[in-house]
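Just so it is clear, A, B, C, D and E label the chains in written order, and each chain counts residues from 1 on its own.
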Amino acid sequence: MRIDRRKFLKLAGCTGVGLGLSAADIFKDTVEASSGHSAVSTAATRYAMVIDIRKLQTAEDYQRIVDACDKIHNIPTLIPEKGNPKHEVKWIWNDTYGHSFPDQKNFYHPEAFKQKLFPLLCNHCDSPPCVRVCPTKATFKRPDGIVQQDMHRCIGCRFCMAACPYGSRSFNFVDPRPFIKDKNPEYPTRSMGVVEKCTFCSERLEKGEQPACAEASNGALVFGNLNDPESEVRKILKTNFSLQRKPELGTMPSVFYVIGGEEYAG
Amino acid sequence: MYNGGKIIAGLIIFIALVTFPFYTNMGKTIEKPADPTAAADELHIGNVPIGQMRAEHMMILDKWRDEVVRGGERFITFDGDQYEKSIQNGCLACHSKQDFCGKCHNFAGVNPYCWNCHYSSEEDQL
Amino acid sequence: MAIKPKPNELLSGINYKPPLKQWMDEPVEFKKGYYCYGAKPKNLEYIGFPNGREWNSSEQDWKLVDNWKEIFLEGMENLLKKFRSFRLFMDICVRCGACADKCHFFIGTGDPKNMPVLRAELLRSIYRRYFTVAGKLGKIAGARDLTEDVFKEIWYYYYQCTECRRCSVFCPYGIDQAEITMMGRELINLLGCCTDWISGPLANCYRTGNHLGLQPHTIKSNFDYMLDDLEEHTGVRVEPTFNRKGAEILFVTPSADFFAEPGVFTCMGYLLLFHYLGLDYTWSTYASEGGNFGLFTSNEMMKRLNSKIYAESKRLGVKWILGGECGHMWRVLHQYMDTMNGPADHLEAPVSPITGTRFDNAKSTRMVHIAEFTADLIKNGKLKFDPSRNDNLNVTFHDSCNTSRGMGIFEEPRYIINSVCNHFHEMPDNTIRENTFCCGSGSGLNAGEIEELRMLGGLPRAHAVKYVKEKHGVNMLSCICAIDRAVLPPMIDYWMPDVGVCGVHELVGNALIIPGEKERENNLRGEPLPGMEEKGEEE
Amino acid sequence: MGMIFSLVAVIFLAAIAFMGAKLNLFGLFGVAIPYLAVLVFIAGFIRKVIKWGQSPVPFHIPTTCGQQKSLPWIKQSKLDNPSTTLGIIGRMALEVLLFRSLFRNLKTHRTDGGPVYGSNKWLWLGGLAFHVTFFVVFIRHLRFFTEPVPAWVNTLDVVDGFVQVGVPHMLITGVVLLAAATYLLLRRIFNPQVKYISLPADYFPLFLIIGIAVSGILMRYFIKVDIIKVKELTMGLATFKTTVPDGIGGIFFIHLFLISVLFAYFPFSKLMHLGGVFMSPTRNLANNSREVRHINPWNPKVKLHTYEEYEDEFREVMKSEGLPVEKE
Amino acid sequence: MRIGLLLSEKKHEIAKTWFDLIVETYPQDTANFLKTQKNRFGNPVGFTISEGIDAILGELSGELDLARVSPYLDNIIRIRAIQDFTPSQAVGFIFLLKKVIWEALASEIRKNQLFDELLVIESQIDQLANVSFDMYIACREKIYKLRANELRNRTSRILKMSNMFKDTEAEEKDTAGF
């Protein structure tokens, strides 16, 4: 999908129009679509991630996953005493049950489950609102379902951050380079003034590797093609009960949380 | 001359501004950066003649960038070998940022923003 | 169809669409009512101007001297050497056109050569031809030969400029057509081609001290007559002094103020004010003219006429000088007098004897504008007014070109008017203050033979007055300029009757409560005051 | 007429340069003419300014565009009617940097509800955009005349390319310069008043500058030239060690030649307003002529009509009216 | 009147054509200026003409009330009276309206046989022209009066110099001479 310069300028001119879009407009047709549970990607490939929350037990389990991502993608680390919390950049991070699934009105979930942390990342939605609002078409959806962002084209307008219901996007308020702990010379950094997020490690996929987080998770995070009935992710989803984040918004997330059940009992 | 002081002061400032290139380079001998050794019509990765690469590398890089980011076509085959269309892992694998890119860019005062994001292994405290 | 009318035939006399030529190819056409009569030789002779002769500006042959071209060009070279403004303004105009529609004569007449830029180009084309390298290329470089027709064109249009400086406000380089017009007129005067209307007052002023040629005794008797009137209206007998040595202040105002209506009413205002204050001041019959037609002629003539004021102040031994309401008079006093005839070491830095205020802004010239003087009095609470005496008036204020753009006196007169009147309305924004429109008759253009031109030049001003007349019922146009007072009445009379013209100090005179005055029934014009109409009729 | 002439002249000049490049007259077009042009520019500029300086400012004639300094309780308009040196610096800065006077430009429109007052800022905007961008473009070109290129020149380049559109990234000033110059040209063609006053000398510099901008933009984005060789040539000029590398491309010589023509033409044209604006006596003088005496160096001796002469003529009538006289 | 209806329908078009024709009675450079600068204070001439046109056309569409239309007509004549036109040129612009109306409405008039009504309109225009002549003469008289006042002022000044002021004071009105 190549956009020539002229087209881009035209789009850039529409930025102002984008400003006028309200959230209602953004979600309107996705909500309609979701009510029927029908609109599902029919492409050959739709990458997805299944997170088996049962397999994440110790703090180290969680941290290993985040560290793997941070290191490989040159993600700056927030220095607590210096950093403004707003400056935090996160591709994959952990949060509480309440923050992760605010729409779950079931008070009777097992208490231990509700105490757990959940790894959160970009949901690579099948109907991504961030793509719709991007005035420069820097964010786009690939045929394989990955919601990708062209950093060269990002103008830092942050419409996508406003549109994303999952808070999966971070803005570089400062030059990130001084805050990168272990530099990966094979991966670029970002510059000040652009938005960034999880890419499902598209660069690793092209080399036939698994996403870094999945690789580091000891099987807790499983990556695969959702549209392939034989894929591992489909098998897990077929046999386990899972949750999506805020499914009622109709964004159709590609990240699933296997929650299990009996092990929380007692 | 009337108001001579002010007028001459003004003229001196003006002349100083206009002749800035002359006195600032007084006595210097400027060597242009040495040409890369390859002949202009030899082919570069991507089947582009070196001469054309020199004039239009920014456009070729721009094209490759779109192919990688948008199309997921990360690799290019040249002379039977695969090369990654990447500044960090491709270009800089053969060329030195300082010596190869930097010399001409600095000489011509052209400041691309590639380096804002793309590391070169020879600097940036790596 | 027999009934199809062909009205165009009725207008066959009109030159419909002249081919669009370059302006240089368009010969000047002298329109009746747009140009003045030529100067009479006896007037030029009296003031020692060269090349005076009997000639008629409406005739083909102007009887120019044989070497007129050399005189003109030599004069031009001389002026270029003497005035940086002239040389600069000849060189740097970029013809951006910002000034084009700012000139009241262009707006009124639509004649493109009345755009300030083009009026200046008339002279610039000569400058390029004779004084620049590129000009040798001729027309392509915007240069042209000086011919008799070109000279006439310059003459025609340089007496269609009132030196109002409105163009200069908008010019990005401050190019001032007034300055260029002055240069052009200096050159015209070298050839004895001054207008009759300017040369007459010049000669008069040089001889008798004022434009009207009033001799000392006439001034005196004229005053007596005015004082009788004043006594009749106010019950106060004012006793001004003339040529009195040892007075503290010398008062100078345009002679029209003690001779012409409605100027005399302004003069009555001064007289009442000074009487009320008990000011130790004197008038002069020798320096009895504030105005200075030299400004419209040549800098030397300006100096010769202006010198009388300092000379008289020295002879009389006064401490400082007070000046009445006038436009071009103040341009000269403010910007030229000290340079030309100063330093005024025989005087003292002016201090108001009533309030003790030092007029620091006039500490070198030692001449104060009466609006500054009066505004200071009012601010210090030294004057008692009954503004209701002006209640029949809806007043607006016309900023005069010279005091606006050659001095910047905007707030003082407004402060005074607001203190003495209850009903004041400004004209629309872009027609007042530094953007003010000219009366159309300044710089010696108030000659009767160019009535049409003056009416058209005054049109923009008249329309602004008309606007406030319709909107606020304005019926009095106040101003601080004698030329305005002289020419605005007929101009207003032509465009929209029933708006009067007055000086600011006439309003002051009306409202001022003077100890010992009788119950005022009439204003200074002898018209009944508001509420007194009945009484007036009974009597 | 003047417009066609100027257009043809500029095209002709471009053609000369192109032919020169074709004929390999690099020494002439790359070295001799640029040197000559700069020499003519500097010498001509100085000559003109000194010529102005040789004429004094005999009178104090600022155009006052605001309230004067008078009584302490009346607020003076310190920038539009300055009375101090500081005020003048402010006024001149506003004038030179922000085109204060053009900002005042007026145009009023008739609507059904009556006249509406509006300012007309298009000329101001076009003029300012033109001059500011021209200046920045000029400064930006220092990268061809300095080695190493100073950081501030590089920074300017980065700021100018801030929108990061296109490759090589578009420089805003170049585009705005071309747009503004085109606006100024169209104004001369379509505004009847401005058309009427325009001379060949008004169209010529505009076409020349448009030609320079177009050739520059072509070179940067479309018809590439070898920039390293260009800088080799320009640095040769700057260090007086001239070299003429071959194979630079004709478009560069068109660009360079048109610039040379602009430089050489400058001191003999209206472009001298660059220097003149600083010397305009209606702008650069304080309105303090009653406070401080301004000296006219050639203050003429003139024949006066003295009081004595006056009294001699009118003594009898003065006495008859009781006016005091010096001599009885 | 049906033609009145037609007139008000096409008022805008007729006004524009008439305005252009009037403006073209000026030299071209002036005409361009008048056309392009439609503002009241910046361009009083153009404004007065267009304002007057609107008023006159409004009146023609209904019953012609001279008292209502006169001030507008007067505004235009007052300007043209001092613009170096011959008397016929100064007021002849009224007759241009006949041409304009005919050109705008000819087909409708033919189709509906409205010649009688056209005659009425034309006689109204003639009426306007008559009034205009009166106004023109009044303006010229005013100018001559203003001029005569100034001439008298000049002579009175000479009388004044010979100290005969009191005899001429009654004439000292109006303009002073500067």
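The working rule: contacts are C-beta pairs under 8 Å (C-beta built on N, C-alpha and C of every residue); 3 or more make two chains touch, one makes a residue touch a chain.
Keep in mind that what you see is a predicted model, and the values were worked out from it rather than measured.
**Student:** Count the C-beta pairs in contact for A-B and for C-E, then report the pair with the higher count.
**Tutor:** C-E
**Student:** Could you tell me which chain's Cα centre is nearest to the average position of every protein Cα atom shown?
**Tutor:** That would be chain D.
**Student:** Quick one: chain D and chain E, Cα centre-to-centre, how many Å?
**Tutor:** Each chain's C-alpha centroid was found; their separation is 45 Å.
**Student:** How many angstrom lie between the CA centroids of chain A and chain E, rounded to a whole number?
**Tutor:** 77
**Student:** Quick one: report the Å distance separating chain A from chain D, using the average Cα coordinate of each chain.
**Tutor:** That pair's centroid distance is 57 Å.
**Student:** Averaging only over C-alpha atoms, locate the centres of chain B and chain C and give their separation in whole Å.
**Tutor:** A distance of 67 Å separates the two centres.
**Student:** Got the chain B residues that touch at least 2 other chains?
**Tutor:** 2, 113
**Student:** Could you tell me which residues belong to chain A and also touch two or more other chains?
**Tutor:** In chain A, nothing touches at least two other chains.
**Student:** Which parts of chain E, given as residue numbers and ranges, touch two or more other chains?
**Tutor:** 29, 33, 37, 40-42, 47
**Student:** Residues of chain C touching chain E in their complex?
**Tutor:** 3-8, 10-11, 13-18, 20, 31-34, 101, 106-112, 201, 211-215, 217-218, 221-222, 225, 254, 256, 259-261, 263, 291, 428, 430-431, 437, 444, 446, 448-449, 451-452, 455-456, 459-460, 462-464, 467, 482-483, 485-487, 489-490, 493-495
**Student:** Hey, which residues of chain C end up touching chain D in the complex?
**Tutor:** Within the complex, chain C contacts chain D at residues 22-23, 48, 80-88, 91-98, 100-102, 112, 115, 117-118, 121, 132-134, 140-142, 165, 168-176, 179, 206-209, 215-217, 220-221, 242-245, 285-286, 299-300, 303-304, 307-308, 311-312, 315, 333-336, 338-340, 342-343, 357, 359-365, 367, 369, 372, 375-376, 379, 404-412, 415, 428-430, 433-435, 467.
**Student:** Quick one: in the complex, what on chain D touches chain B?
**Tutor:** Where chain D meets chain B, its residues are 38, 41-42, 45-46, 49-50, 52-57, 142-149, 153-154, 157-158, 164, 167-169, 224, 226-229, 231-232, 235-241, 275, 278-279, 297.
**Student:** Which bits of chain D are touching chain C when the two form their complex?
**Tutor:** 1-2, 5, 48, 51-61, 63-71, 73-75, 77, 80-81, 83, 95, 99, 101-102, 104-108, 115, 117, 123, 127, 187, 191, 193-194, 196-202, 268-270, 272-273, 276-277, 279-283, 287-296, 298-300, 302-307, 310-311, 313-314, 317-318, 320-324
**Student:** Can you check the complex and tell me which residues of chain E touch chain C?
**Tutor:** For this pair, the touching residues of chain E are 24-31, 33-34, 37, 40-45, 47, 78-79, 82-86, 88-89, 92-93, 95-99, 102, 115, 118-119, 122, 139, 142-143, 146-147, 149-151, 153-154, 157, 160-161, 163, 165-166, 169, 172-178.
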